[in-house]
Amino acid sequence: MALVFTITEMNAYLAEVFPQVDGMFGIDQMDEDLLVMRLMVSDSHLRPGGTVSGPSMFALADVSAYVATLARIGRQALTVTTHCSIDFMRKPESGRDLLAQARLLKLGRTLSVTDVLMYSEGSATPVAHASLTYSIPPARIG
Amino acid sequence: MALVFTITEMNAYLAEVFPQVDGMFGIDQMDEDLLVMRLMVSDSHLRPGGTVSGPSMFALADVSAYVATLARIGRQALTVTTHCSIDFMRKPESGRDLLAQARLLKLGRTLSVTDVLMYSEGSATPVAHASLTYSIPPARIG
Amino acid sequence: MALVFTITEMNAYLAEVFPQVDGMFGIDQMDEDLLVMRLMVSDSHLRPGGTVSGPSMFALADVSAYVATLARIGRQALTVTTHCSIDFMRKPESGRDLLAQARLLKLGRTLSVTDVLMYSEGSATPVAHASLTYSIPPARIG
Amino acid sequence: MALVFTITEMNAYLAEVFPQVDGMFGIDQMDEDLLVMRLMVSDSHLRPGGTVSGPSMFALADVSAYVATLARIGRQALTVTTHCSIDFMRKPESGRDLLAQARLLKLGRTLSVTDVLMYSEGSATPVAHASLTYSIPPARIG
């Protein structure tokens, strides 16, 4: 399904709707098959030992599924996460950005399902795997 | 199974191992049947509209399962989350603390499973429901 | 929310819509707070060693969430499972029926969320824990 | 990680440890990158309308993750499912076998994580997506 946002437009939209996380995430790639989002790691995301915290990984998965969905349906401010299942498989590498590869598995009338694999930059072994469901508000009529 | 921490000891331990979230969480109740943890809501946890963000709810579920587990097995710094499944069911009430009721469903030799229901303070309707698995490192010998 | 089926009516409805599992499940209790469903264990549900198989436990969780939802919304043949997250925590006791305690956590306009704890009959320790989401078709107009 | 079973050996092992499902599943492909398992659809797996039931899809995901794990660690009869998260995204096509593409995402000392995508044979659109965790018993010494 064709995308209705460019990367520049999506970054501007995220800064508008989530001002509190502006500068935390960036989009490396966004096309019909794959979205790659980056968590720009800073001290606030780290656990002792320098690895990215679970809530920061969850936040990356969540915004990736949001972007993968909205890239196709456009500005739908009321689209909300209804479910996330996440497996934490390995410790991320210390001091590296985290990259999420997100693939939209389903885009239905009332929900989307997105698969997300997360990697430390420069590594080919996933550190976490998530599946997220977003609820899409019914289309307005008129 | 008997608890090996008091609330005061657990709060001190959390401040020691997670200094970056010190002041974010508090323990309202901790006994063998139930743990009640509080997310002290501040601006950094909010989405536009004043509701608590998904990553903040995830963080509350995660720390609740950690505390429910460590309250029984003691200081095990290497205990890590391996899975979280979370349903976001309703929008939290604006400007209220979030309370998590956590119940340990299983404490095995290598993993624990904790059920967590989250409520806006003063409301009886859950806003989110999570199940978390922690991996417990093998006991040291000697 | 009030129930629109009696146990007798619900059993008849299940036999009508799922004839292939007729005789496999029964309803022990069904009221606004709690549904208790029974898996009548027979050889076809067992693994070597006499314990109930994972797919049979999944089937019990699934039908419990279906009944908990339809008890409130009535005959909606197009209501379908969209998600199940299930933790298998202990081996069920050999040769015992399995009982599911199901609680509806959310009934929205387009989805329901149900929490299910499963026990071997006569035991107070849960063997499995599941959370299920059902998608409810939009109400027909006219 | 190299496989320690051939397809023929694995089929024989499955028939030995799960005699009750013999003839239900087959292995189409099994190598280091990908396992493809087939649910040979028969009347007992169907819901009214001719589509494969949820418990049958769960059973296919479960056996796929089991085979993906045991193909690498060998005969470990005590390896058990501890978690499954499954999204049902579309109705399977009537009367078609179901194919599962399983990829082992993690093989640790005490657990494995497997990602499973399921398709109706002949279709490129996934009908369901699952992530499963298996607990691996500690290695025997001596």
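Side notes on the structure shown:
Each chain gets a letter, A, B, C and D, in the order it is written, and its residues are counted from 1.
Everything below uses one rule, namely that a contact is a pair of C-beta atoms (placed from the backbone, for glycine too) under 8 Å apart; a residue touches a chain by one contact, two chains touch by 3 or more.
Source: prediction; values computed, not measured.
When you average the Cα atoms of each chain and compare centres, the chain farthest from chain D turns out to be B.
In whole angstrom, the spacing between the mean C-alpha positions of chain C and chain D is 24. Inter-chain spacing, taken between the CA centroids of chain B and chain D, is 33 Å.
Chain centres here are Cα averages; for chain B and chain C they lie 28 Å apart.
Across the assembly, chain A contributes residues 82-83, 85, 87, 89, 133 that each touch 2 or more other chains. Chain contacts here are complete: no pair of chains fails to touch.
Residues 85, 87, 89-90, 105-106, 108, 113, 115, 117, 126, 129, 131, 133 of chain D are the ones touching chain A in the complex. Taken in their complex, chain B has these residues touching chain D: 82-83, 85, 110-111, 133, 135. Put simply, chain B touches chain A in their complex at residues 17-20, 43-44, 46-48, 54-56, 58-59, 62, 80-89, 91.
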